[in-house]
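Following are the structures in question.
Here come two complexes built around chain A, the first alongside chain B, the second alongside chain C.
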Partner chain A sequence: MVVGKPVERVDAFDKVTGRAKYTADMFPENALIAKVLHSTIANGMVISFDLNDALKVPGVVKILTCFDVPDIQYPTPGHPWSTEKKHQDIADRKLLNTHVRFYGDDIAVVIAETELAAKRALDLIQVKYEEQKAVFTVADAMAPGAPLIHDEKPGNVIVHSNYEFGSFDSAITEQGLIKVEGTYHTQQVQHCHIENASSFAYMEGDRITVVSSTQIPHIVRRICTQALGCSFGSIRIIKPYIGGGFGNKQDALTEPLNAWLTTQVGGRCVGLFYTREETFVCTRTRHAMDFDITTYVRPDGSFAARRIVAYSNQGAYASHAHALVANAVNAFRMMYPVGAIKGDAYTVYTNIQTAGAMRAYGIPQIGFALEAHIDDIAARLKADRIALRQKNMMQLGYVDPGTTITCHSTGLQQCIDKGRKFIHWDEKAKQYEHQTGSVRHGIGMAIFCYKTGVYPISLETSACRMVLNQDGTVQLQMGATEIGQGADTVFSQMCADTVGIPLESVHVISTQDTDITPYDTGAYASRQTYVCGMAVKKTGLSLKRKILEFAAFMLHKDVSDLDLKDSWIVHTVSNEKLIALSDVAMEACYSLTNSHHIAAEETHHCSDNTYSFGACFADIDVDIPLCKIHVNNIINVHDSGTIINPLLATGQVHGGMSMGLGYGLLEQMLYDPKTGRTLDDNMLDYKLMTASDTPELNVQFVEPSDPTGPFGNKALGEPPVIPVAPAIRNALLNATGVAVDSIPLSPEHLFFEFKKAGLIK
Partner chain B sequence: MDKQKITFTLNHEKREEYIDPRASLSEVLRGEFSLTSVKHGCNVGECGACTVLIDGETFNSCIYLAIWADGKDVLTLEGLSDVNGNISDIQQAFIDEGAIQCGFCTPGFIMSSLPIIESPRTFTRDEIRKQISGNFCRCTGYETIVNAIEKTANSRHKAK
Partner chain C sequence: MYDFEKIYQPKTIEQALKLKAEHPEALILAGGSDILIKTRSGKLAGSTVISIYGLDELRGVCIEDDGTILIRPLTSFSHITANPIIAKYIPVLGEAVDQVGGPQIRNIGTIGGNICNGVTSADSASTLKAYDAVLEIASVDGIRILPYAEFNLGPGKVDLHPNEILTGIRIPKDSYENTYGQYIKYSQRNAMDIATLGCSVNVRLSADCKTVERLRIAFGVAAPTPIRALSAEKAATGAQVNESLMETVASNAILDVNPRTSWRASKEFRMQLISELSRRATRAAVEKAGGKF
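Moving on to the complex of A and B:
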């Protein structure tokens, strides 16, 4: 069996030799290049263009503007489409926009023979705007008299949702309750996958092919059909290896425009490769969110009633819109179940860069706010921080009243125990009491829960195909995508074990091609090993049954007496090797009397969900005069059920921790408050973690087998990012007594906090 | 613009090529020589995905003019495998340690690790981290990359 083993990545060799091909590596020679002209105002209308000088640049083939594109508004987020109108994504942008809604909006395109010609022409295009007042914050966008960003949404509020379970108002009348309030803010950050948004498109016959760096090829196909107003069959999306996505590529980025551009030049191949600066400004970001949290606590530390109001800054276009903050306020409810709970969430248009999906989909935001708040409660009650969590956190069998998602398994308590032991919590807690001096030490921790996939919001669908080769090896085709997380490897492991062949006999087809690949919605929501793993299992069993049926025919035996193990047909009882799988496969293909193409394809509908859990423990130094945090020791402990591949799973946790450290300590998108122009749209000014900034990352797992996962597994890819920032914030509180309620905890931010607290002058 | 001739060593072979004098080395390596291990992540020398060795030193080839390579010895990731396709110890270590995820930054990191593993001196983990800080990785948190480099450096030292 290879499930559970730390086998090496199936794509490792190609990736260490440079053979792995990414979108730009496949771009044909002599194809055309497109460059987008982005607006230099944040809100207003494009009145006219002067293209005369630009068109004179040698090599320019065509310039298309917002006045040329189809009059169709389309949605971009990588959600499964809903056939119910009220659940459909918001269609609020055109391929190029006349109404400009952020500094960097797409307003025109140059298609040229070379990149240089395209860039020169861009510089020569003159644009006349009618500028309007822009708003960059949720408060300004919701204020009376704020400019209207989208005609369809008066007041700029895209959605205001709310819930109440139990009676909040009566619960808070209980005698002796202590009320703890807090306001927390999380900042806008960017995914920073190393491969920028990239695609190229061409036509074959009257069909359009788009080769793209996407997490969601089948969804991007649907979005292209909507944007262009064409049929599903006329669009083909090909996804090669991709250089990271982290949710940004769970959105249609360059693809719809690129698909249209090729149709404007007679089907010639056109490449649309975003620069790093464009990827920062013109793709997606993680929403900045504000949270007002109130908790009514009994003197014994148990929660009586909880309340949250959340505001999410959507930026210029809806993209995934309210789904993220809705996810956040739901997780607020799930993590600490209580008899009375009330939540409100607002998603608001503003004139900043569009926010979308990013690793853990709203949960890093609420994770910071909620876990900071829990430590604030502990400080107020002078209660033990860990005991307070243990008293109130989700337990096995919990059924969320809002979503009905059930806690089928939990190792959260063991996660806490392991992390506590690793970081020497109890000794350090004593050691770090009553500190003075300019460098102080602190320990902090945070926990989280994370659901797996999106059911019941959508019925998760995943298909898989397996084809038996004449040598007994198997081609494995998934609609689910490899985006660096190791999906191809774990699917191969699952296939090997289910069919009964060694891992080397599985050939996974990494490229998705919507003409060929079975349907799947793609990589997001940490869904693939859970949802698509079940499709692999189902298909593997189906393939195995077909192989055994043919073997039974060959051997004149009853199929129920046969099994397939390690590429041999064996007798179920005696385990006697009867015939090699390769002999069966050859006969099946070339039999003169009964030839069969042995293949299987199955679709899995996932109609369940389950929670992953975990905890981060951090031990830090705080240099007060320098306003600098140094992480001495840090560990994430995860319950993601059974681990399919410990080598790859550990890597996922490392990456998430690093992203969480960047989120907590350094990263922040900044814009000019006058114009809305992004100030740090590059990797020098935007402070991404380097190897030197990153401490040694420690990882442990607890592995309760989840009854709903195909191999006892549950979500893993996204969760590691969640608990890191709050654990560090809580360690900072422990070290200095200063409760900082917004991130990043960068020196320039801490300076003001320490000053306010009187720690520095 | 008129092309200019450069003569240089590329992955152990003498090459002559007529190139646009405005072109960056990374553009020439990708475009003229199809060496697609050389990746573009920023085009301004921030991310390190285009790292190659020039006369044994690491450079961001996206901000190095191709004409400057005249007379020099350029090594890309493709030059690390032998003629039969066998990979080097550092590439194998990246596989074994799980130092690869999306793989886009991997060629640049392997190139940046060469001066470390080829150095006669021993680097601490912190020093390795500093040496590779010109390369960004968003997937691995660098932990396994440092492991792979440290392991290869140690085994080379032992072999000496």
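Moving on to the complex of A and C:
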């Protein structure tokens, strides 16, 4: 059995040697290059272009503008399509836009023989705008008289949702309650995957093929058909290896425009490769969110009533829109499901870069706000920070009243115990009391819960295909995508164990091609190992049954007496080896009397979901005069159910912790408050942490087997990012007594906080 | 793909100077780690370039007869750090340039390019200022000697005429002899970052290590160009080695500086860093020199 073993990634060799092919590696040499002209105003209308000089640049083939594109508005987010109109994604952009809604909006495209020609032509295009006032914050966009960003949404609020469980108003009348209020802010950040948004497109016959760096090939196909107004069968998406996505590529980015561009040059191949700057500004970002939280707590630390109002800054286009802040206010409820709980959430258009999906989908935002708030309550009550959480946190068997998602397994308590022990919490807590001096130490922690897939909010479905080769090996084909997280490897492990063959006998086909790949919605949420793992299991069992049926025919035995183990057909009871799988496979293929091309394809329609849990513990130094935090020691402990591959799982946690550290300490997208232009649209100014900024990252797991997971497993891909920023913020509070309510805890930010607190004169 | 119009690759300094005289608008390309960034961003697109990168005569470090240390401008950061002369006499310069970017940039980036680029954050600049470096600048008309103190004219602007090339950086013996230095680069990241503030201090103590004979202090990003803090130096001269020395240096240094508020950092925060880094660099330099607090 290989499930649970630290087997090497199936793509390790190709990726390390450079043999693995990414989109740009496959780009034909004689193809054309497209470059997008981005707007230099944040809100207004394009009135006209002067293309004369640009068209004279040698090598320019064609220039297309927002006045040339089909008059179709289409949605971009990577959600399964809803057949019910009211649940459908918002269609609010065209391939190129006449109404410009942020600084960097796509307004025209140059197609040229070379990148240089395209760039030179871009510089020569003259644009006339009618500029309007732009709004960059939620407050400004919601203010009366704010400019209208999309005609369909007067007032700029895309969605306002609310819930109430129990009666908040009557719960707060209880005698003796202590009211704790806080306002928390999280910033806009970017995914910073290594491979920028990249695609190329060409036509064969009347069909368009788009090769793209995407997490969601089948969804991108659907979006291209919507954007171009063409049929499903006329679009083919190919997804090779991709250099990271983290949710940014859970959106249609360059593909719809690229698909259209090839149609405008007679089907010649056109490449659309975003630069790093364009990837920063013109793809997607993590939503900045503001939270007002109020808790009514009893003196014993139990929560009587909780209230949240959340505002999410969507930026210029809807993309995933309200789904994220809805997820955030749901998690607010789920984490501490006690007392009356009332929530409101707003998603608001503004004139900044569009926000979309990013690892953990709204939960790092609420994770920061909520866990900071819990420490604020503890400080107020002078209560033990961990005990306060334990008293109120989700327990086994919890059924969320809003979504019906059920807590089928929880190792949260063990996560806390392990982290506490690792960081020497109890000793340090004493040691760090009553500090003075310019360098101070602190410990902090935070917990989280995270739902694995998107059921029942959206459809969860996945298909898998296995084809038996003549030698008893298997080609495994998934609609689910490898995006660096290791999906191909864990699916191969699952396939091997289910069919009864060694891992070496599984050949996973990494590339998705919508012409031939079974359907799946793609890599997002933390769904694939859970949802698509079910599809592998179902298909594996189906393939095995077909193999055994053929073996029964060959051996003149009853199929119920046969099993497949380690590539042998064996007797179920005696375990006697009856015939090698390779002999069965060879005969099945070439039998002169009864040839069977054995293959299996199954769909798993998933109607369950489950929570994973975890905790982060951090021990930090704060150099007050230099306004710097140094992380001395940090650990994430995760309950993700049974771990399918400890090596890959640890890698996921390392990556997530690194992302969480950057989120908590350094990263933020900055824009010019006058024009809306992004200031730090590059890796110098945007402070993504380097290896030398990263402390040793410690990882532990607790593994309660989840009864709903295909192999006892549940979410792991996204969760590691969630608890890190609040754990550090809480350690800062512990060290200095300064409660900082917004991130990142960057030096400049700490400088003003320390000044306000009188720690710096 | 970089947008160059033309590129020349001279084989000798004479050829390079001649080319520069013929094409005064051409850019000198050394390691290219500033130029290529600007070309890519479109700021220098379409320019003519004279690459001097192949001119080995312009590489290396040596000591001249009078004890002056001569650093040729094409010497890469990693070669400066590894150079035995630098390591022996002005290790702080080797330490400073070892904080540039990352290993790849330290291999390609040159010290000449660093100062000719003229930005206030250049990591070699404050140490070279604090050591009174003197520049050798050549053209077809001959050689011009210029104190580095007078070289920076404004942000990104240096005193190089269109036909000139920097050919040497000298540090006189009296500047470096018996001195101990400390450079502190303050940036948000430990690598691949530009300084929010840089501070370079070097001191010469009395024989008993109790008094400061001479202290020099220079900053990057404390003004539009790298600058010396002369009031701080004056106040520290002859001062006792004790805790109040740091206060003396810091409180005077803040009189000499003029940092800007930009979206990268506010003036107030930079002032805080100027004061704190002055203290920390002074303390470290004095301790290296044998002083005790």
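Throughout what follows, the second predicted complex is superposed on the first by the 761 of 761 C-alpha atoms of A that agree within 3 Å, B and C clash if a C-alpha of one lies under 4 Å from a C-alpha of the other, contacts with A are read in each partner's own complex, and residues count from 1 in each chain.
Heads up, the rule we're going with is that a residue touches a chain if its C-beta (ideal position, glycine included) is under 8 Å from a C-beta of that chain, and two chains touch if they have at least 3 such contacts.
Keep in mind that this is a model prediction, so the values were computed, not measured.
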Where does A:748 make contact in the superposed view: on chain B (first), on chain C (second), on both, or on neither? second
Does chain B (first) or chain C (second) touch A:196, or do both, or does neither? first
Applying the document's definition of touch, where does A:672 land relative to chain B and chain C: first, second, both, or neither? second
Going by the contact rule set out at the top, does A:13 touch chain B (first), chain C (second), both, or neither? first
Would you sort A:690 into first (chain B), second (chain C), both or neither based on which partner it touches? both
Tell me which partner A:760 touches in the superposition: chain B (first), chain C (second), both or neither. second
In the superposed arrangement, does chain B or chain C reach more residues of chain A? B
First (chain B), second (chain C), both or neither touched by A:627: second
Please indicate which partner A:120 is in contact with in the superposed arrangement: first for chain B, second for chain C, both, or neither. second
Chain B and chain C footprints on chain A, overlapping residues: 116, 683-684, 689-692
Within the complex, which stretch of chain B touches chain A? 22, 30-31, 35-37, 39-44, 46-47, 49, 76-78, 80-81, 85, 87, 91-92, 94-96, 98, 100-107, 110, 125-126, 128-130, 132-133, 135-146
If you look only at chain A, which of its residues touch chain B in the complex? 6, 8-9, 11-18, 20-22, 24-25, 29, 116, 191-196, 241-244, 246, 275-276, 483-486, 647-648, 650-651, 654-659, 682-684, 688-692, 694, 696-697
Interfacial residue positions of chain A with respect to chain C in the complex: 114-116, 119-120, 123, 625-627, 666, 670, 672, 679, 683-685, 687, 689-693, 746-748, 751-752, 755, 760
Using the touch definition up top, name the residues of chain C that touch chain A in the complex. 1, 3, 42, 45-46, 102, 186, 188-194, 196, 263-266, 268-269, 272-273, 276
